[in-house]
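Listed next: structures, encoded as structure tokens.
Presented sequentially are two complexes of chain A, the first with chain B as partner and the second with chain C.
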Partner chain A sequence: MSIIQVKNVSFEYFKGVKVLNNINFTLNKGEVVAIIGQNGSGKTTLVKHFNGLLRPTKGEVLINDEDAVKKTVAQLSHTCGYVFQNPDDQIFNSVVTAEVAFGPSNMGIKSHELKVRVNEALRTVGLYEERDKHPLDLDLNQKKLVAIASIVAMRPELIILDEPTTGQDHAGLLRVEALINELRKNYTVIIISHDMNLVARVASRVVMMCNGEIIFDGSPKEAFTKNALMKKTYLKPPIITELAQSLKGFKRDVLTVDEFMDELKTKLKK
Partner chain B sequence: MANAGLTSYIEKNSYFHKVNPLTKLLILICVIILSFTLKNFIYILALLVIIIPIAIKSKVLSMTFSPIFKLYFMFILLFFIQGFFHPYATEKLIDLPFGFTLWKDGLLYAAYIAARIFVMMVFGYWFVLTTHPGDLVSSLSRIGLPHALGYIILTTLQIIPRFRTQMQTIIDAQRSRGLETQGNLIQRLKSFVPLLGPLFMGSVQQAVEKSMALEARAFSAKGEKTSYRQATIKTKDKVIMVITVLFSISWEVLSWTL
Partner chain C sequence: MDIVTFKDFSWRYAGYRGWTLSNINLSIKKGEFIGIIGKIGSGRTTFCSSMLGLIPHFYPGLMEGEIIVDGVNVEKTSISELSTRVGLAFQSPANQLTGAGTTIEEELAFGLQNLGIPYKEMHKKVRDMLKLIGLEHFGKRSPFELSGGQQQKVAIASVLIMNPKILVLDEPTSQLDPLGTEQVFDMVKKLSKKGITIIMSTNNINYLSKFADRIVLFDNKIVKVDTPDKILTDVELLREHALTHSDITEVSIRLKKMGLYNKELLVDFDDLKKVIEGLIK
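For the complex of A and B:
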């Protein structure tokens, strides 16, 4: 089952400056897709097409087999929830619960159901204890989680996380990773990230972008062995992958320390 | 579109881009004085005849007039309010039902105000489009403007485009949460709080951070300050200045004697 189909999409902000060039992409239900690539490669521009913030200059975007052009952003937000990079761009309420309730109340969700959704979303991101605080009293990690909760409460089918780990400390990183693993149970997830460790650990599929084109689409294991492509987009595989690749006779697609240790043990037994 | 988004300034290689900011400022000041002192709105509007070739020569013609089209509603409102409700109106133009009267002097007054705003806005926008803020501030400090004041001018010129881009991000973020920013008046008013909240909070936060960043780079240090950008006054600047002043005086005199 595909949620999103992108067919031959090109996009220009200014005439003649192509930011997306003939993109073809299908997103299936239940996937955790990481979109990676250097700054300015078109990652954010691409995902902004999924909830209608941008409309393709050429080609079409189908959301659940319906043309996205015919729907408003508000309508599309029921299907595609987009969490922006900077939580300060959206927080305006004086209580966390009210902030989280903003999205669903725009959808017309009524009192009891609204409360259920808000509480559930706050529990999902682990901010239930903080629910009565002022959002601006929270630290950056938590503000980011408020932003994510405010999308989760809308219960879209797809949740897009734009750079969920920038500016986070290690505890924050672990929390985001745990959260993505929680979200994948009920949602399809897209993450845009420069954090290859995160990508290696959570993504089921990697889409590599460069100069407005998709240059790779496949599993993380495969992605991190494409050294030439990685170099082209100025990306570096996780250090553990690099270490394995530099050792003779080791598998080249090791993604985690655990995998590395398994490999090491089998090698030592031999 | 170099520099777009930072200020309204547009980098182009044109005759008037190379003219000293002070010269352009003098033109702007003369236009402002003229638009307040000329006798008749026709004389004010005639100043547009001058800006058109200047804007063409500056390669920013369509941009120069763009703010006018965005504000057409304000002009309609101006004519409506002054035409019907001008307090000192004496000359009737048309009597309308329900006791409304369209006043001739009200409309003339509106035309006068509109012409004033129109001309000042067009010249002002042309000035901003063709003048690099850095050049402006460095030339102003050279003729004695305090450094801090120069910085205020610089940030003011930058703030509107910055607000615009930030506002767009905030609008996108809230629309992604189902906020309708288009539609009828009530819907638009409703969408105000979610949009202005983050903008306001963000600006306060940025102002605090910016001031600290300035201090960290010795902004309030005493002594002479130098500037990276240097705009010199050339012969052509002097010629333009003289022409501007002579023209302004004769146009002023002409409007009151004819």
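For the complex of A and C:
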């Protein structure tokens, strides 16, 4: 079942400069879709159509089969939660719990139910113990998690994570990855990312964008073998995939070290 | 010849109990490429900010020890004086872009204008720089109309255009796409070959292994200084400080366990490729 249908959508920030050009895209329930592509390829512009922050210049966006244009940003936020790239763009309250409560309380959620949602969201992201701290006293890894929790507390159907691993160290990266695997149980997830290792590990589907157009839509394994397309939009497969591709006779769609070692073992047996 | 020297340098931000950096002793030679690694909160940004004098002049706090940059004592030298020797590219382009110019060309020319560079020369430098970062058709646009990654390139260019002797880069590729990242590293490598001293904070181990002369591991102090192949393959050390090793190193570890390889652990792509090609021949 589809949550979002994008039909022939074009978008211009300025007249004559197409940032999106005739996009067609359907998002199904339960998917974890990675949108990848070079800086300026239109990734963020596209997803901002899903929560009404932007409206198409041409074409239409259907959210649960209803025209997004007829709904306000507040209404769309029930379906689609967007986590900003930079948590400092999003966080403004002085206590973690207040920050996380802001979204749902704006939706009219009150007292007990609000508390339940906030605590649940904080547990989901693993920040329950930090709930009484000032968000700005948290490190960058944790701030990102606060930003995600404040969206989770609104219980949208779809959660969009814009560059969830930017500025994160290894520990933060592992936490984000584990969190996406947690979210996928209950939510449809879109990640926008340049981190091809993350994409290889969590995405069920990859949408590749270049100059405002979708140039590929398929599995991660297939995406990373499309070297010419990848190069066109300034991407590179994970280093382990590159290594396999550089070796004669190796599969070209190796995504992990485990898969690489399996491939090597079969080559050594021969 | 040492171009940067830290002597018993410690720094504590006003209002904070702990020292963000303590007892830093490090000498950097002219023309060296130094890679800085460490987890979040390990003091890397503080270290980078200190060479331009943002610490101690801009941020309030307590400083101990001294920092000598290109022959001058940072504590006794103004930021504007230091900025003729040191260029600092911030992690977030929003902190770098002045907003003083309405176009990218003006943004890039801002520093040069302040130095009184003649118009013709300035114009050429701006064009060359736009070409270098692949934004030659964007000169007339506002920097704030660019994507995050494009802004990051403009921010780096606005530092490079000042032609600094020492270039400090704090996570300069955090928002860039993979080829954009490669371009920035290539650009930095070229500058390094020209003799510019490079100090670059990044956890992109695959690139550091190729380009850096030495790596410094921070954890609110200097934990270790060594060559890339020594530090980046020290799996235990990296793990202790919340970092991880490259997949290249991981493959070499597994080859060792299988008894297929018995030399030093690897971090370089081409080195590993050769070893595997030798195995499957």
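Following the convention adopted for this analysis, the second predicted complex is superposed on the first by the 270 of 270 C-alpha atoms of A that agree within 3 Å, B and C clash if a C-alpha of one lies under 4 Å from a C-alpha of the other, contacts with A are read in each partner's own complex, and residues count from 1 in each chain.
The working rule: contacts are C-beta pairs under 8 Å (C-beta built on N, C-alpha and C of every residue); 3 or more make two chains touch, one makes a residue touch a chain.
Everything numeric in this text was worked out from a predicted model, so none of it was measured.
With the C-alpha superposition on chain A as described, chain C and chain B clash in the combined arrangement. By the touch criterion defined above, A:P164 lies against neither chain B nor chain C after alignment on the C-alpha atoms of chain A.
Contacts of A:Y234 after superposition: chain C is touched, whereas chain B is not reached. When the two structures are aligned on the shared chain, A:A74 is found in touch with chain B, with no touch to chain C.
Residue contacts after overlaying the shared chain place A:K48 against chain B, while chain C stays out of touching range. For chain A, the partner that touches more of its residues is C, with chain B and chain C as the two candidates.
Of the two partner chains placed around the shared chain by superposition, chain C is the only one that A:N141 touches, whereas chain B remains out of contact. In the superposition on chain A, A:P56 makes contact with neither chain B nor chain C. Once the complexes are superposed on chain A, the part of chain C occupying the same space as chain B corresponds, among 1-9, 19-27, 37-45 or 109-117, to 109-117.
The contact surfaces that chain B and chain C form on chain A in the two complexes overlap at residues 86. On the chain A side of its complex with chain B, the touching residues are 14, 48, 51, 53, 72-74, 77-78, 81-82, 84, 86, 88-93, 102-104, 106-107, 136, 150-151, 154.
Here chain B touches chain A in the complex through residues 1, 166, 169-170, 172-180, 193-194, 196-198, 201-202, 205, going by the rule given at the top. Chain C contributes residues 38-41, 91-92, 145-150, 152, 171, 174-182, 203, 206, 242-244, 246-248, 250-251, 254, 260, 269, 272-273, 276-277, 279-280 to its touches with chain A in the complex. Put simply, chain A touches chain C in their complex at residues 13, 37-40, 44, 85-86, 139-141, 163, 166-172, 194, 196, 231, 233-236, 238-240, 242-243, 246-249, 257, 260-261, 264, 267-268.
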